[in-house]
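Two complexes follow with chain A in common, the first pairing it with chain B and the second with chain C.
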Partner chain A sequence: MPTESLASTGTPRPSLFQRWSDGLTGWALVGPGALLILIFGGLPVLMSLTLSFQKSDLLTADAPWVGFENYRKLATDPLFVEAIKHTLVYTALFVPGTMLVGLLVAVAMNRSLRFISVYRSAAYLTMAVSTISQGIIFMWLTDQNYGLVNAALNTVGIESQPFLSSPSQALYVIVAMTIWGWTGFAVIIYLAALQAVPVELHEAAAVDGASRLTRFRTITVPLLGPANLFLLVWLSINALQLFDEVYLTTRGGPLRATSVIVYYLWDQAFVQFNAGYAAAMAYALFVVVVIITALQFRITRKYVHNA
Partner chain B sequence: MIRSRLVIALAAVAALLLASCGGKAGNASGPTEIAVWNGFTDASATNFAALIDRYNKDHPDVRVTQLMTSNDLVLQKVLTAVRGGSPPDIAYMYGSWAPNIAEIPTVTDLSGYVSQPGWNWDDFYPAERAAATVGDKVVGVPALVDNLAVVYNKSLFAEAGIAPPTKDWTWNDFRTAAAKLTNSKGQYGTLISGDGSEDTVWHYLPMLWGAGGDILSPDNQRAVFNSAAGVRALTTLQQMAVTDKSIYVDATNANGVNLMNSGKIGMLVTGPWDLPSFTDIEYGVQVLPAYPGSDEGHQTISGPDNWVIFNNGGERQKAALDFVKWITAAPQIQSTSAATGELPTRTSVGQDPALVAELTQKVPGTETFIENLSNVKKARPTVPQYPTISQALGQAIVSVLLGTAQPADALNTAAQAADAALAGK
Partner chain C sequence: MSHTTEITADTVLDDAVDDLPAASRARRLPFSLWHLVLIPLTFVLIAPLVWMLLTSLQTHAEATHFPPVLVPEHPRFQNYADAWAAAPFGHFLLNSLIVTLVVLVSNLVVCSLAGYAFARVQFLGRGALFLTLMATLMVPFQVTMIPVFLIVKWFGDNVWDALGIDHIGALMLPNLATAFGIFFLRQFFQTIPVELEEAARVDGTSRLGVLFKIVLPLSLPAMSTLAALTVLTSWNDFMWPLIVVTSTDQMTIPLGLSYFQGAHNTQWPLLMAANVMSLVPMLVVFLVAQKYFVQSVASTGLKG
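== the complex of A and B ==
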């Protein structure tokens, strides 16, 4: 608060009017922004909370209050349980996968090479590709009959795979596709963290005879803690809300094999017109995200230096 | 004091912001403004813009504006706008949404209008009228009509040494041809969308109807697609997908047109909208096959889309009605068809030999699609539960196509889900 900064400069305690005026200035400065956030962020959140206690199709004004009925239905809806399973499998593969690939690429790029900035831009480029282009490219690449991936597999004597057309493979194709898409993001974060690792520590350890691998394991990896935590939380939150890629490529199929929570939610709200039920699902997801994020903070805190 | 002046200035900014949020752009004088939401692209968009210009010039008291949107997403946007209290005046909406649209209170029930002289309601094809009618309400005016027929690659038929499809084809002939058109070089007899969406379902429905089946009982109370006819139709697909492997099951529903155009697919069951994309092949068009022993003949399905009118007050509603009446009148249908190659939505225009010849000359095969409009004998039930029923049926079809279920079992499971939805769960 401004009062503290005034006090710390050693000037005499300001008058009540001045303090009041300072406070008001502060509020006036954050006011418009806060107001917009409240209107466009806070209000819909509250409205969808009410919606989750109603039976509403969004079409008619008539939306009877049903209490916890929507939430009760969630617990017994096998399709919702399936969607949760798919979401968890996806998250469990996507988050570590992206972090691992991102770390490997970042380590490979954390050195002075000719044209290194070209390589770094190339790695980040995956973030600049729109989800739609990404989806279309991967659909072509993994096409069951004419895709490049199958052509490559065929040349080494492996049979063509159905990929997105197969209920047992489609989810993994989406995992691969999104890892590819998010790698650039992880690379940037890791690269920044790697460059912040003090050179002296490595030099000192090298003098003591530590091998490169040992130095990486005992110096670099622990210092990457904050970056790891950030990526873990950020990627998990995104993974739990997977939608675009599924909508674009498989529409939740084949046979609902890629129906994740947000896709199922969208389907309920805008295809089947069960908006109240979908809102309840959104709140359930919100609670899950909060719990998982809190757990991640708690568990990783003791392993993270400088966090 | 500078600081307190800042406070006042910021407060003023905030007040202005609030005022502009709640502002209304209504003015008593000047032309009545109405907005049309549509997802036209290419030739259709150019044609529609020209129509609006013409209308605005001839009607100085009305100003029609348009908002471009995606046809797939328009329902979502309209729902949001309806909740926000600012729906469009007119929106182009898919016919399959009609029963759900009927529940929106601000949607104008047109039953009292279209019966008046001047609308020539009976001139629209029966399937279009059926799709726009929900119970005793009329929720829209036909905006576009199409249907499904067999588009086939003439050179692939010649290469395989088989005669092209005829008007008397049975689904067995279709299957035999598909098998012969399939080879180890990655060529398939035919292709079906395998995403389980309405796109999958509506390719199955003409087969179901052709075999003598139906989706729901006449009173719309229960599902009957799991009849012997339903199983027969789905078995045809199963034989091609699982036994012959002559169907490319397109799980992503994105490849059909490209594969057909690059000569990888022998026959594609599709509508007239795809014809202009087949620039690299020589194609022919034939009506859908029939089932021997069934009286239903060569059925097809039409997915007519509608102009839906929202009630934004008497004056705007009247302006919207007048505009829709004008763009769906015979002369405008005629010019739209000629400019865009779309099938005419009115019988009188569809029977105009000069127009049919002109369309067919521009896009070969259009003639067959126009004739095929008379093979549209049934429409999807206009019940609000249709999206749920379609989804259950779609999953059943895909599970059979992928070989994970038998037709009868899959249809029975879907029928149970449909019955539950119809009973209100």
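== the complex of A and C ==
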């Protein structure tokens, strides 16, 4: 709960002068930040909306109104539908995959041992690696001719795979590389949640004869709820916005097999110069993100009440 | 990290160890059996980075040998010099430093001023303005990027061309303040006992004086956390630079690296050397200030 502000802590009502002076000070202090955020975060939301009803090539000032044309096109564009499909497949694999890997690593690292902070640092480290560095490393690891992964497959008798150059495999390679990149993030969240589990609950249950597995299932897992929910939402929102790795490793290919929503959107806006159409696409994405965020708020509130 | 929780972990998750017949004796070993799980696990997690480092020291012949040569026979440090000479990495590095530094300082100053006002000063329209700013947090970058491109172009054409398209100014301008930064610092400022400030106010200290002499010195952990998050986001940002910058001399590290990758896409040792060089600054900062990076992740969501 926020503590009360200076002017309302039970002191007598401030004088008119005081209120005017506070008003000016307040606006002067928030002014720079508010102005910047409104210009670069607020105004563009409205501009994007109007742009989505226009035909614009970004370069010339001429942008005729086309009504709902862009949105109508969206519904029937096979390339957009395809991009949605790829995005959903990616999200459905990446989100649970990252959560599972993050939880396993966090559980393994949630104990007091010598060098535990070294292990944890190593796990967190993936977070500092940029998407581009990560993409280059995984392109090399999964290289069709000289890659380490293919060498490993060969030693167990599996022939070399084309990976990123195969339309049927490229998306899964991107899933794997982004799971690796987000592991550090998920581990931090899960470790924080695991460490918040009160030890008294476990002690009480142990006295009553509950086994370790039972205690993990009935005490730890339910208390991980908020962390699970947060990761589910946060990772989903990020998954829907996948771009960097696709741009770097496949440019949406091969044969558009990794063309995800934001890649297609970027291509439409800044390569094909269909800015109006891209804006409509961005708004469609926006609606989905808002729905996910709203769901999170609702569910979080429920959790807080139950906790 | 409280000591109670560590006990929790062991009591809950030692099943694997317990199932071993030697479990009771394992407790008397000089080391925990968990190291046998954690060492391979950690190795798998950092293997991609290790492989990058090893490849960066290989000759082209070693890198294009199959099955791969794991450890280069004569580490070839020349790859680093070659990569550095093959693309303006000095430019990339300098641009990244400038952009990150400007964005960092601006965010700390602007967000703490605004965060303080939202936490402590009563002014007309405070609630509405705060809600409006926070609403922008929900908007994905893809929704705003096209108009921001147009706005930045306008600034370049009408205000100062160093802020416009294809200048590093365009990389800073839209990121000088964030709604998250304001929100985050406001939440922290509200936890500082207001009595401390009231005493100073009674003594005639101005609002700014209170902010700089009392509130900010007490807020160093929060400021450091926000700083870590800002540095990480700014340094690794890729999509926005890709959209506004095309000249190599204006590129930041991720964009420059991607450009370099496009130009040398089969020269793996060179690519890996370039990759190592571009990763080192961030990894060093990350390891030195790890506590704050960890804190910044935990603060992105769990505050609700």
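By our rule, the second predicted complex is superposed on the first by the 259 of 307 C-alpha atoms of A that agree within 3 Å, B and C clash if a C-alpha of one lies under 4 Å from a C-alpha of the other, contacts with A are read in each partner's own complex, and residues count from 1 in each chain.
Keep this in mind: contacts are C-beta pairs under 8 Å (C-beta built on N, C-alpha and C of every residue); 3 or more make two chains touch, one makes a residue touch a chain.
This one's a predicted model, so the numbers in the text were calculated from it and none came from an experiment.
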| item | value |
| --- | --- |
| Fit or clash between chain C and chain B when superposed on chain A | clash |
| Contacts of A:I136 with chain B and chain C, given as first, second, both or neither | both |
| Partner chain(s) touched by A:L29 [first = chain B, second = chain C, both, neither] | both |
| Partner chain in contact with A:L51 - chain B first, chain C second, else both or neither | second |
| Partner chain(s) touched by A:R114 [first = chain B, second = chain C, both, neither] | second |
| Which superposed partner A:A123 touches (first chain B, second chain C, both, neither) | second |
| Touching partner for A:L295 - first (chain B), second (chain C), both, neither | neither |
| Chain A residues touched by each partner, larger count belonging to chain B or chain C | C |
| Partner chain(s) touched by A:V105 [first = chain B, second = chain C, both, neither] | second |
| Which superposed partner A:A170 touches (first chain B, second chain C, both, neither) | first |
| First, second, both or neither for A:T250, with chain B first and chain C second | first |
| Residues of chain A contacting chain B in one complex and chain C in the other | 22, 24-25, 29, 32, 36, 39, 58, 136, 143, 145-146, 270 |
| In the complex, chain C residues that touch chain A | 1-15, 18, 31-32, 34-35, 37-38, 41-42, 45-46, 48-49, 51-52, 55, 63-68, 110-111, 113-114, 116-124, 126, 129, 132-133, 136, 138-151, 173-179, 182, 187, 190-191, 194, 197-198, 201, 207, 232, 235-236, 238-239, 242-243, 253-255, 257-258, 261, 268, 271-272, 275, 278-279, 282-283, 285-287, 290, 293-294, 297-298, 300-302, 304 |
| Contact footprint of chain C on chain A as seen in their complex | 2-9, 14, 19, 22-27, 29-30, 32-34, 36-45, 47-48, 51, 58, 105, 107-116, 118-119, 121-134, 136-138, 140-141, 143, 145-148, 150-151, 154-155, 180, 183, 185, 188-189, 192, 194-199, 202, 206, 212-213, 215-216, 219-220, 226-227, 230, 233-234, 237, 240-241, 243-244, 247-248, 262, 265-266, 269-270, 275, 278-279, 282-283, 285-286, 289-290, 293, 300, 304 |
| Residue ranges of chain A in contact with chain B within the complex | 21-22, 24-25, 28-29, 31-32, 35-36, 39, 57-61, 136, 139, 143-146, 162, 164-167, 170, 249-251, 253-256, 267, 270-273 |
| Footprint of chain A on chain B - complex, ascending | 1, 3-4, 6-7, 10-11, 13-14, 17-18, 21, 75-76, 79, 82-83, 100-101, 103-105, 186, 188, 194-197, 248-255, 259, 264, 384, 387-388, 391, 395, 398-399, 402, 404 |
